[in-house]
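Just so it is clear, A, B, C and D label the chains in written order, and each chain counts residues from 1 on its own.
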Amino acid sequence: MQIELEKILNQNREKIAFGNLPTYIPELTRANKDALGIYISQLDGSEFKAGDYDYKFTIQSISKVITLIMALEDWGAEYIFECVGKEPTGDAFNSMMKLEIVRPSKPFNPMINAGAIAVTSKIKGKSPEERIQRIMDFFKLVTGNPDLKVNESIYMSEKSTGDRNRAMAYFMKDVGVITGDVEENLDLYFKQCSIEVTCKDIARIGLFLSSDGVLLETGKQIINPKHSKIAKALMTTCGMYNASGEFAINVGIPAKSGVGGGIMAVVPGKMGIGVIGPSLDEKGNSIAGVGVLEQLSKMLELSIF
Amino acid sequence: MQIELEKILNQNREKIAFGNLPTYIPELTRANKDALGIYISQLDGSEFKAGDYDYKFTIQSISKVITLIMALEDWGAEYIFECVGKEPTGDAFNSMMKLEIVRPSKPFNPMINAGAIAVTSKIKGKSPEERIQRIMDFFKLVTGNPDLKVNESIYMSEKSTGDRNRAMAYFMKDVGVITGDVEENLDLYFKQCSIEVTCKDIARIGLFLSSDGVLLETGKQIINPKHSKIAKALMTTCGMYNASGEFAINVGIPAKSGVGGGIMAVVPGKMGIGVIGPSLDEKGNSIAGVGVLEQLSKMLELSIF
Amino acid sequence: MQIELEKILNQNREKIAFGNLPTYIPELTRANKDALGIYISQLDGSEFKAGDYDYKFTIQSISKVITLIMALEDWGAEYIFECVGKEPTGDAFNSMMKLEIVRPSKPFNPMINAGAIAVTSKIKGKSPEERIQRIMDFFKLVTGNPDLKVNESIYMSEKSTGDRNRAMAYFMKDVGVITGDVEENLDLYFKQCSIEVTCKDIARIGLFLSSDGVLLETGKQIINPKHSKIAKALMTTCGMYNASGEFAINVGIPAKSGVGGGIMAVVPGKMGIGVIGPSLDEKGNSIAGVGVLEQLSKMLELSIF
Amino acid sequence: MQIELEKILNQNREKIAFGNLPTYIPELTRANKDALGIYISQLDGSEFKAGDYDYKFTIQSISKVITLIMALEDWGAEYIFECVGKEPTGDAFNSMMKLEIVRPSKPFNPMINAGAIAVTSKIKGKSPEERIQRIMDFFKLVTGNPDLKVNESIYMSEKSTGDRNRAMAYFMKDVGVITGDVEENLDLYFKQCSIEVTCKDIARIGLFLSSDGVLLETGKQIINPKHSKIAKALMTTCGMYNASGEFAINVGIPAKSGVGGGIMAVVPGKMGIGVIGPSLDEKGNSIAGVGVLEQLSKMLELSIF
């Protein structure tokens, strides 16, 4: 297995040159474009890792899965899906068009930016501090990593350049999808995106979902398993931006990517996978990371279809 | 099992009243709105059926899955996906908007009307007669039903009222997605949609996909299994019109619906399911049929997530 | 005046190289790209002409103004504007998007292709022959040119390549904007666009509108003056495709262009102007022709604002 | 004349009941829905007034014309139209869709909200205080009313509920159309919209434009007359929201409306007209005010077409 993982990484390294680091968050351009790593965490406790598996990156959009689960636990599915839809959009992750032309006006799903900001705005807490604390605590619990923290310079960079996200948030405030203070909720969102992780951390998130919410350490079911299934269904239809359909065809496992270069993938009932590769394709997914997952899925016959 | 199936049908019958027969194809309004039936065909050869499992209806959009596989077999995936995309759209099945605003101009996926017409236009054959013959032969082979035929009055009804499909086809002709004669290809499309089936027929299509292309009768692999996986991935992300995301969450199995009231569902490696219920919800899916599949999936834990 | 006209033509000739002949109607590529001419016809009977004023070209979209007036005379404004709107779109002349996303579904105005096809479909007549005869007769009457005829090779070229227009027409058939036979009405539309004219002919159309419907030869008012004002208002807001706003700013007189290179302009109460210059800018307007009108408007202070 | 004006007002009063006060700016719902008044100011110095001509209302979108002229004077037309287009949109005044789907991303014209905010962001001044002072001074100069001031409670109401405008502004900041501080520029925009006026004030703005920038009091030309013509052209193609095309047909004079119920109209070379009627039609124009202008235009043959 170890040898095969190394081989897969090597065979996909050449794709790195065809991608790019994202430019719209200045701090992200400091990433190591050539990094490529993988971490696999299985339900039987076994683990495999290769390449730059200990490379640190910000979790970015992968965080959307976790905050969705928190909001579902906080409010129940019925209420949350009154504020955000369940359907893929076919549009870019930062598109606002459907907010304007489709009635009722609500973000199409929790995996695009507008939807994720709406979801984060529902996370309970008496103060901004309590809310970010709850988020951090839940990330630490699910990853089993008590040392997780926000990368402050990336958080500041996102906050100062996040005008498209700000535009979405104010639009949603206008139509009533967001009810609280816009800047407070954007701040939470920018923070959750800036949590620094390694492949291992996101593999552990995947593992958590593969067991529908059982913590590896304690064997305890800590969330409603229905909420885990919702997350995996949405990852499959919308998790890889507007390349989700192609990813379902070529890889066939629920996954969520982030512009930090990470991809978190789940093989239900089997394993969680974390991949890092900061060089992105034009849709915003790790260009080599997608290749790695495709080959891995074929080799181990991981497709859910 | 038999008793449970009957019970599930009975519990979903009340939903029929909240749906409607489609009005845009006049002949379809003659359907029996109250019909509700199911047929399950398992890889081990066992079968279960309940309700109006022998009710006859036209296959409509479920046919898109079969013609996609034929086109993939005729040309290979690379060529076909140059003409049609792989992504869900978030728009209605008869929307043309993305053809105009997204470049390059091609239908987003083979499960919306525009995409399915483009796919059918690729089916090989020296003459229109040979092409429809090939389609009918393949449907007969996959369903194991040599008696399948086109419902002539519905075919004529579709042909005479299919102006929205005609608009799409001419648009695609204009941008080069369709290269042959538009009316000939529309005629093929209207015919494939008008093939008359029962639940058993579509359950057998599902069974065929659940084994990735092995015929139950002969045990022979008759298509590239990759093409079957492509079909199931697309059914999951786009098969239930713009309710595909919700269906993935609530039911969690690859499925394709048609406005004739049928739903063809696949549990990979296990079974094919055919459901009929002509009363449709506002997205165009069988309103009771979706309910039946949701309950069945929960009872038998069929979700792929 | 003669000298000034020559000078204006010469000063705009260099723009020709920055434009292109339209490629989507193959026969139009045979035009003389370098032609540039103008004809001015004043209400006092005086006339001025310069350059290639006798160059023959097809009237194309300029015909939309005349068929609109015919339809208004045939049915009255109230009925016609139930089928087609009065608002500029901001979209390209061949866009269909608003037909899909704005309710009720009807073309935004009679100057874009969809709207003009809808308008032509309303022209009365017992047979296709009678309808085209009525159209030809009215064009001959208004231009005072009994020799006008359809350029057959361009008509055939438009008919065989008009798939985008066909797409629009079938879409409008589907939503009920067009009620008759689609191909018959498209045929009429392709014919009206293929009428061969010179600058003088379109200057005479402009003159006719400048007097709100009085024929120069007879002094007789032959249409409702309200319909002439409607035409001029629509020419101002929508006549130069999606460069109408800029044209209103830079030139400031009601005008309608065609992809044959013609521009018909009206100075209310004063004159009609015909300009020809087949080289088009990227919006589809004569690139040198717009320049000529801008300079002429400034020189003679023709702006209506 | 006086008698006719009274008659026209009376004949249009019944339309008031079919309109509504705007609800999205809470303070505006306090307006007197039944008010209806008109003020006409002619170049020869004569004036006519009727009805509630001294009713006070906020200028709202009518202010867009004045700030456009200021920005044109500050920077010249070439620079300003690099930031904002010249074309009507066909969309609602608060639409953002074209910002997303049309490249390059800039607001279509200065009469929709996005365009007006972009224009205001260009108004020169060393500080926010100096900039609003310059705006107020110019409004006072053009109206000849030194007592103009911002209605503070409406300004506060707009500021606290202007989330859709905020969304547009941040979107434009993201794509580089707005370069300065977003909230500072929004604040200017909310203030300019909240200037309190009467019919006489806006009639004087119309008069100012009818003479292309000559002050009635001094006979002095205080702006480039080209900038006045630009304003009138844009008012004609885009001034009455997405009812501008219909207004051009039915009334035929350059005009700009505001959701405060005012309409400022210009008859070039003749007169300025101010109308107030707070009850709005569904497009956002004074429902009785439009009727008054239509009848007045017919009676006095004011149409520019």
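Throughout what follows, a residue touches a chain if its C-beta (ideal position, glycine included) is under 8 Å from a C-beta of that chain, and two chains touch if they have at least 3 such contacts.
Please read these numbers as outputs of a predicted model, since none were measured by experiment.
Path length between subunit A and subunit C in the chain contact graph, taken as the least number of steps between touching chains: 2.
Rounded to a whole number, the gap between the C-alpha centres of subunit A and subunit D is 46 angstrom.
Each chain gets one centre point, the mean of its Cα atoms, and the points for subunit A and subunit B are 32 Å apart. Per-chain CA centroids place subunit B at a distance of 54 Å from subunit D.
Among the residues of subunit D, those in touch with two or more other chains are 101. By the definition given earlier, chain contacts exist for A-B, A-D, B-C, C-D.
The part of subunit B that touches subunit A in the complex is made up of residues 85-91, 98, 108-109, 229-230, 232-234, 236-238, 242-246, 248-249, 252, 254, 268, 303-305.
On subunit A, the positions that touch subunit D within their shared complex are 95-97, 100-101, 163-164, 166-171, 173-174, 182.
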